[in-house]
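Chain IDs A, B, C and D follow the sequence of writing; residue 1 opens each chain.
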Amino acid sequence: MRGYLWSSNANVVRVEDGGESPSVCRVNDVPTAHRNAVVMTDVVAMTGGFPALAGIDIQVAEGEIVLLAGPNGAGKTTVLRVCAGIQPIARGSVSVLGFDLRTDLAHIRSNVGFVGHRNGLYEDLTPAENLDFWAKVIGASPDEVDAAIDVMALNARVRDTPVSRLSAGQRRRVALAVLVIRRARLWLLDEPHAGLDASGRDELDGILRRAAASGATVVLASHELERATALATRRITISGGVIDGGDRNG
Amino acid sequence: MANQRRRLALSVARKDLRIERRSHVLTAQILPFTLVTMVLFAFALDATSVLQRVAPGLVWLAVLFSMMIVVQRAFAVETADGALDALRSAGADMSGVFFGKFIALVVQLIIVEGALWIAAVLLYGIELRLGGIVLLVTSSISATCGLAAIGTIYGGLASGIQGRESLLPLLVLPVASPVLIGATRSAEAAFGIGGTVASEGWPWLGLLTVFAVAFVVVGSFAFGPLVDD
Amino acid sequence: MTTITPTTKSSHRGTGTTATRVIGLLATVMCAWLVVFGLILSPADRDQGDAVRIMYVHVPSVWLAYLAFIVTAAGSAIHLFGRRHSLQADRVAGASAEIGVVFMGVTLVSGMLWGRITWGVYWQWDARLTTTALLFVSYIGYLAVRNLDGTREQLARRSAIVGLLAVLEIPLVHWSVKLWRSLHQEATVLGTDLDVSLDGLMLFSLFVGVVAFTLVFVWLLLHRARTMAVVDLAAQRRLDDALIARRREGGN
Amino acid sequence: MSNAGFIIGSYVLTFGAIIGFALRTIRLGRKLADDLDDSEKPWL
């Protein structure tokens, strides 16, 4: 079993890698020795009759922190949703953590975490109760919950305040704590810096760096180019639902 | 697998009930609504003899209407911050989620029904016979399971679609009609209304049970594909 | 029906083919026959008098409505459980449900007119009437689900499930309503039942009605399913156009 | 014929509804399908 974030003692057997993903690297930016966390090939995806992705190719290696950049409506969110297995694709092929999107959706979903504009929390419950719920759903131990709370620096006051009364940054941290409890190996974050104050952003950057250091792959879409570029190991610029011209090596 | 599903169902149910306890929507909004309905029925019919005759039907109609609100509320909680999406995208077993929502709905509806029967006894002056208690309780539980199953199925279907709340009654009410008929008749038998005896209620209990089993089984399979996109 | 303009670029106008034209012609002829037999040639019933003539359109239409819903269920099942998740099956299911709703609406109206003559009231809480009315509403719900937002596949899967649930409803609703009526005997005292004893010519008229309406159903089903196929094709084409526009927007 | 109004009315309504639905279907079909080439029609 691979080491998971701060919880190498996890006693639940997770699905193992389906082996090396096929090497379809056209550009020499990904060494073939690396495992690919994401391989998207000529992907077309529709949102409400509109082709949000118009034949996009993306590769992300495991352990990378990749920044998806591009103007509004470029298709960044759709890339993340496709990788998370919650947006069907119309054409092309997608492999996430070695699993094929069309045949192994369940494996992808259980290993991937997506946090978008909505955090997926129950607003009437406290963070502690939300995390407790997820721990029960996943079968994680109380230790893992404590670890996640530590990592996200959720203090006692935050832990016991209903989510509806928390700030955007606190909610985001709770949502990320859920990813830790779920032992997600690929973190897909849509505008994670939005609505956070300066210290919140610093905290978030630290969390994401540590996540990557312990083996997770992070793909984030962000407008905060300066901050995100400093954080990211690589940048992919999207425009009009495809990779922007000469920016493949970011 | 079965174990995991049971654990998921229980966590979802416990979570839903905890949210209800915390937010007081059931006690502060839905129960008052149903009680006002009972009072309004009395204004509309305006004769104690008529009220006594139709009390079981009125109670179950009120249950049906409050069920619409309870179901909408149960799924509003899931969609407000994308929690159901998060569960789905975490690969949670959707039939487990179905059973969880189902159990929470059953508990809430039973609370509503209890309040309504008490109101019917107090306001309409009907009297429960000792021999009718077993029939009333068993048929109410069967009816509630049937209603909760269809409520969860169609509530899940309507939850993913914005601005389509009006679709829920259109889908649920025709399907729920056998429950309304069966539950009303067996309650009439339990209360001995219209010269009925308790034994006349048992065929209805059979109908309600078949209905509940059918829709619970179907729902456990259909829920996942319905809420998935 | 409509004026037929000479075909220009195609020998098959619209959604028609030689087969549908033959079926359509046969259906028209049979419907004309049905009117002649039902209104003129067949005798009046001993008990019901001329009111029995409504039966020749009422019974075939209710029969076709149920057939249509069974076709919907079959199409839904093929879409849902078939290996290819055929969209064609989904279209047949949807087309059939639309036709079924039309036939069922017609059934309700003609049944009420018949009831007005024989019972003196438009509506009676008879098991068959009540079941039909509830199912009518259910299938309107099914059609509403077909018109929701979502991807084509999503819509097809959702409506397939709702289509199968609706067919599960038929026996349950029918059973409960029947049980309800059987325990309340006073309803049947009201008037004669709609059943009539049929002589040869009456039976033949009914048979003509069933054949005519079955042909109408097949003809409508083919055209409606094909129209839906064209709609899907057009959506596909719009996707291709939008894709090109989107790529241009991306500057590639 | 006794009750002629009701009886003829039921025939008119029945065939009227069917013809109305048929016309709607045919019109829509023609409007959409006449833009297609024969080779593109999946049913040919």
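The rule is simple: a contact is a pair of C-beta atoms (placed from the backbone, for glycine too) under 8 Å apart; a residue touches a chain by one contact, two chains touch by 3 or more.
Everything quoted here is computed from the prediction, not taken from an experiment.
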Result of counting contacting C-beta pairs for C-D and B-C, higher pair: C-D
Separation of mean Cα positions, subunit D and subunit A [Å, integer]: 53
Length of the line joining the C-alpha centres of subunit B and subunit C, rounded to whole Å: 32
Inter-centroid spacing, subunit D versus subunit C (mean Cα positions, whole Å): 12
Rounded Å distance between subunit A and subunit C, as computed from the means of their C-alpha atoms: 49
Multi-partner residues of subunit D (each touching 2 or more other chains): none
Residues of subunit C touching at least two other chains: 149, 151, 154
Shared-contact residues (touching 2 or more other chains) in subunit A: 88
Interchain contacts (touch definition) - all pairs: A-B, A-C, B-C, C-D
In the complex with subunit C, residue positions of subunit B that touch it: 153, 157, 160-161, 164, 167, 170-171, 173-175, 177-178, 181-182, 185, 200, 203-204, 207, 210-211, 214, 218, 222, 225-226, 228-229
In the complex, subunit A residues that touch subunit B: 84-86, 88, 106-110, 112-114, 116, 118-125, 129, 133, 136-139, 162-163, 178, 182
Subunit C - residues contacting subunit A, complex: 149, 151, 153-154, 235, 238-239, 242-243, 246-252
For the subunit A and subunit C complex, residues of the former touching the latter: 44, 46, 48-51, 54-55, 88, 90, 239-242, 244-245
Interface residues, subunit D side, partner subunit C - complex: 1-4, 6-11, 13-15, 17-19, 21-23, 25-30, 32-34, 36-38, 40-44
